[in-house]
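Next up: some structures, all given as structure tokens.
Two complexes are shown next, each including subunit A; its partner changes from subunit B in the first to subunit C in the second.
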Partner chain A sequence: MDNIVEKVLKPQNQTSVFIKRKRTFTLAFLGVAALFGISAAITNYDVIDGFESIPKAAYWMARNFIPDEKAWSRLPDILAKLSETALVSVAVTVCAAICAFFFSLLGTETTKTARWLARTVRIVAAFFRNVPDVVWAILLLFSFGQNILTGFFALFFATFGLLTRTFIETIDEVSASCVEALHATGATGLQTVFNGVIPSSLPEIISWVLYMIETNIRASTLIGVLTATGIGYLFDLYYKRMDYSSAGLVVTSIVILVITIEMLSNKTRKVIM
Partner chain B sequence: MPILEFKNVSKIYNNITKALTEVSFSVDEGEFVSIIGPSGSGKSTILRCINRLVDVTQGSIIFDGHDVNRADKKEIRQLRKKAGMIFQHYNLVNRLSVIENVLHGRLGYKSVIAGAIGRYTEEEKEKAFQILAKLGLTEQAYKRCDELSGGQKQRVGIARSLMQEPRLILCDEPIASLDPSSSKIIMDHLSIINETMRITCIVNLHQVDVALRYAKRIIGITAGQIVYDGPPDELTKVMIYEIYQSDEGELITDVR
Partner chain C sequence: MSEFVITEQAPISLDISKYMHRTRDGKIKTAAKSKSGLAIKTTMFVLLTLTIYGFLTFDYKDIDMAKAVVGTWSNIKVVFGQPMLTYNTFPGALNALLVTFSLGALATIFGAIIAFFGALLCAKNIANPTVANVTKSFVAFIRAVPTILWVLIFTISAGLGSVAAVIGLTFHSAGYLVKAYAESIEEMDAGTIEALKASGASFWQTVFQAILPSSISRMTAWTFLRFEINFANALAVGAAAGVGGIGFDLFMAGNHYFDLRELGFITYVVVVAVILLEMLATRIKATVR
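Presenting the complex of A and B:
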């Protein structure tokens, strides 16, 4: 009797699972579609018009952004500002990484000194991380004005927040077991950090620092527009003078730099991992 | 005089989980004790209470004449130096070389700065190589630990604990991740160390047959309480069933 009941019930149960899943997907799709419809209606967004303008925009860009003679004559200026921006980004990231590393040691499960301190560290890191670098730049504009320091600190705060969090996770993940063993030998906290935590988590940490250098070079362009420094300033200047061909050269040089840095850091990662 | 004494030790994790209840036993110098019991019965907690990786809730532990629970930071460091520890997952710094890992056993003896920057004396280095030779790891000395097999890693773990010149070695499931032949090598080394160097060994084990073969004394614990404490030849089958809370014919040791 039981057997028969099972045989009859089982297939029904299985199909009902599939029906349920289909229903969920349909509802989710309809939900997203409704959201799109409402927001498009509010903002007067016309889908067809939007897509139609893409070729037009591409044509305009192709005509205006191609660097001409005048733009090429500005190349030395552009390269100087570009290298300045890149170097500031590297400096910011390295400074923030060193601070974040020692700060994160107080926040990990494995190396924390006190629970309340660990929690404070995590809250502070979350605060710095969740305020975007552009917002930091705008806030800092009030205190430092349009200055390279503004950009430096904006990037520093955002990088510091993000790296603290990732370092905490990395250290807990890769160092927990050897830290326990080193404590058991009678090693002090500092000895454990230098002999256990740093050697075991260094490759991951370097990998994150490289990633942040890439991200910060991109971000510093935008922040430069706000703070009137670096390559962002140059782009803003040419763009507002409607010297689009020079602005185009700026964009091209940024793209080349970013791709080069990314390739370099990928190579470095392969070597150290 | 016993080297280690547990007096009514209880441990409760997070005010809820009872890991140990009123555990009392004492270990004399030079003993080879094996603690057996099911997973989660409190074996690891017992070991970790001895070197204060875990703080006990109640009771006292006397190790080498000192009350472990009353020890301040400096005294804990002194106590830990005298108790080597070996782990199931070896807990080595995998990216460092074998010799560096062995030298970590000296950190408890060094000043904070000398230990942090890794300055070791010539004698310490020589001793490390002697220990490695004893454990058959001379050729591996400069290899990175992640290149080693499990059995070799565990021997590095033993070498690191020997570097501490310990009076007691705590082994937390030392062979649980090893194949039978590596397991035998590790247990043989522990047994030789115990006999020739008179270092007391407390070994947590899952394998009852291994415990019966190597240990001179067995402590069986179930749900945080000692249910057997005596020589291996008095450990009856019925007793084993009680330790593992199972019925006859349901343990893998029965398959024979």
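Presenting the complex of A and C:
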């Protein structure tokens, strides 16, 4: 009798859950600490230097990034390059999304294409996703030179790979049930795509496209530094000439553009979803 | 005692024509007009217009498209078909890969620590609304500046090296993770926090006994996703800002030695690393759940 009461009042598992949790946290903490130590040793990272550099950089930015008269006179140039970069990001994302959508239709389980075809699609998408956009940019630079198309295709390949995988997942998740229903009514493959897959997955797809536009504006700045095009090039140019006030104006204009796009896409997403 | 009075109910109206609309040629409309449908159409129209406008106004500098495409195709065949190291050694490439990996890891660790406290300041269910809004705007600003610009800015104050790279990468990681962590915290059950508050737990007790245990799995998933992004960013920054690692080797192979075979070999090293990282992340996410 006593034994049973003791067992009920002191369930042994309960204490061990907390001990187990503590042990997991301790192990995770030690793992992260070890990773930190090894990484810092490999890269010669100086922790104190790192912390000191933040206020230093903030002070430097506050002193040098204030746009002066010379910087304001460059505003038309900056805005022209900025709109070019923004348009490239939109164009890249839209083209990649259209291609990725039709490509992902061949790779989903929902549309029931041949297994080898679905597999090939996934492998091709994985290839484009895993080769970094930097590699594409360097590779394209050989034949396309310092052209706007270099950045365009570099971003296109990377975006295409990423969106194909995302769209395959989205379509499988969102459209499976309605496609099944349409199949049951005897709809053909194309009819299911246009009446089932597209309407049901479109909100999700648009949301991803908006996200990729934001990401691609930042990515195209980096590709711009590398391929000497767009707003990235302009920043690099002012930066290397030590014309920091103009560089500061470039940063400010990018910030305003990105935040505007983020706000617009958040609003759109709220209405769509 | 009250009595129920059963009133005679009006028959449910079955006037279908009220709900059924026909198009001009007599077909029954199957889709209802909705606000979201209109928004989707508008968004698509605007994006397509911008795309076409972009293509019409880009400065192509009279590029010979056919020649460039043919040239690129033959370059792609060399890069992916005949990878070979000339200027770099295989251990050297692996070492550079390790440097890029470490830069990404350091930025992720710093970013995660900063983001955890940042998320506590701006998660809707625990934070003060004013503080939350200020934090959110500050974080939005940090996220809006591209990583490469942060790195270049920090290069001036900290010199060209790992400090500039890590701090530059950390800024964007922290901004990204604050948003992700805050969403993870907002998804948790409101009752748990309330119960702990009612029992007199302090703020930090609530954080470590309720918030952290219930959202740690989602946070870990986000952190590993960010680690993959940080690895790619460390690579890109290495190439564009010259802070070292395998990204810098890519840049040297392509833009300095003009050696396609070397570029191909390093690309393969990077691709294998990215795939291994993705597999590791998937496995860790599975064990955490």
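As a convention for this text, the second predicted complex is superposed on the first by the 249 of 273 C-alpha atoms of A that agree within 3 Å, B and C clash if a C-alpha of one lies under 4 Å from a C-alpha of the other, contacts with A are read in each partner's own complex, and residues count from 1 in each chain.
Going forward, a residue touches a chain if its C-beta (ideal position, glycine included) is under 8 Å from a C-beta of that chain, and two chains touch if they have at least 3 such contacts.
Please read these numbers as outputs of a predicted model, since none were measured by experiment.
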{"item": "First, second, both or neither for A:G31, with subunit B first and subunit C second", "value": "neither"}
{"item": "Subunit A residues touched - subunit C or subunit B, whichever exceeds", "value": "C"}
{"item": "Which superposed partner A:M61 touches (first subunit B, second subunit C, both, neither)", "value": "second"}
{"item": "Subunit B versus subunit C as contact partner of A:A184, first or second or both or neither", "value": "first"}
{"item": "A:G196 touches, of subunit B and subunit C: first, second, both or neither?", "value": "first"}
{"item": "Contact residues of subunit A, present in both the subunit B and the subunit C interface", "value": "199, 202-203"}
{"item": "Subunit B-facing residues of subunit A, complex", "value": "177-178, 180-188, 190-191, 193-196, 199-200, 202-203"}
{"item": "Contact set on subunit A toward subunit C in their complex", "value": "21, 32, 35-36, 38-40, 42-46, 49-50, 53-54, 56-57, 60-61, 84, 87-88, 90-91, 93-95, 126, 130-135, 138-145, 147-149, 153, 199, 202-203, 206, 209-210, 217-219, 221-222, 225-226, 232, 235-236, 239, 251, 254-255, 258-259, 262, 268, 271-273"}
{"item": "Touch list for subunit C against partner subunit A, complex", "value": "31, 35-36, 39-40, 43-44, 47-48, 50-51, 53-55, 57-61, 63, 67-69, 71-72, 75-76, 79, 98-99, 101-103, 105-106, 109, 140-141, 143-149, 152-154, 156-158, 161-167, 213, 232, 235-237, 239-241, 244, 247, 250-251, 253-255, 258, 260, 263, 267, 270-271, 274-275, 278"}
{"item": "Subunit B residues within the subunit A interface of the complex", "value": "51, 53, 77-81, 83-85, 87, 89, 91-96, 100, 104-105, 107-110, 112, 115-118, 157, 160-161, 164"}
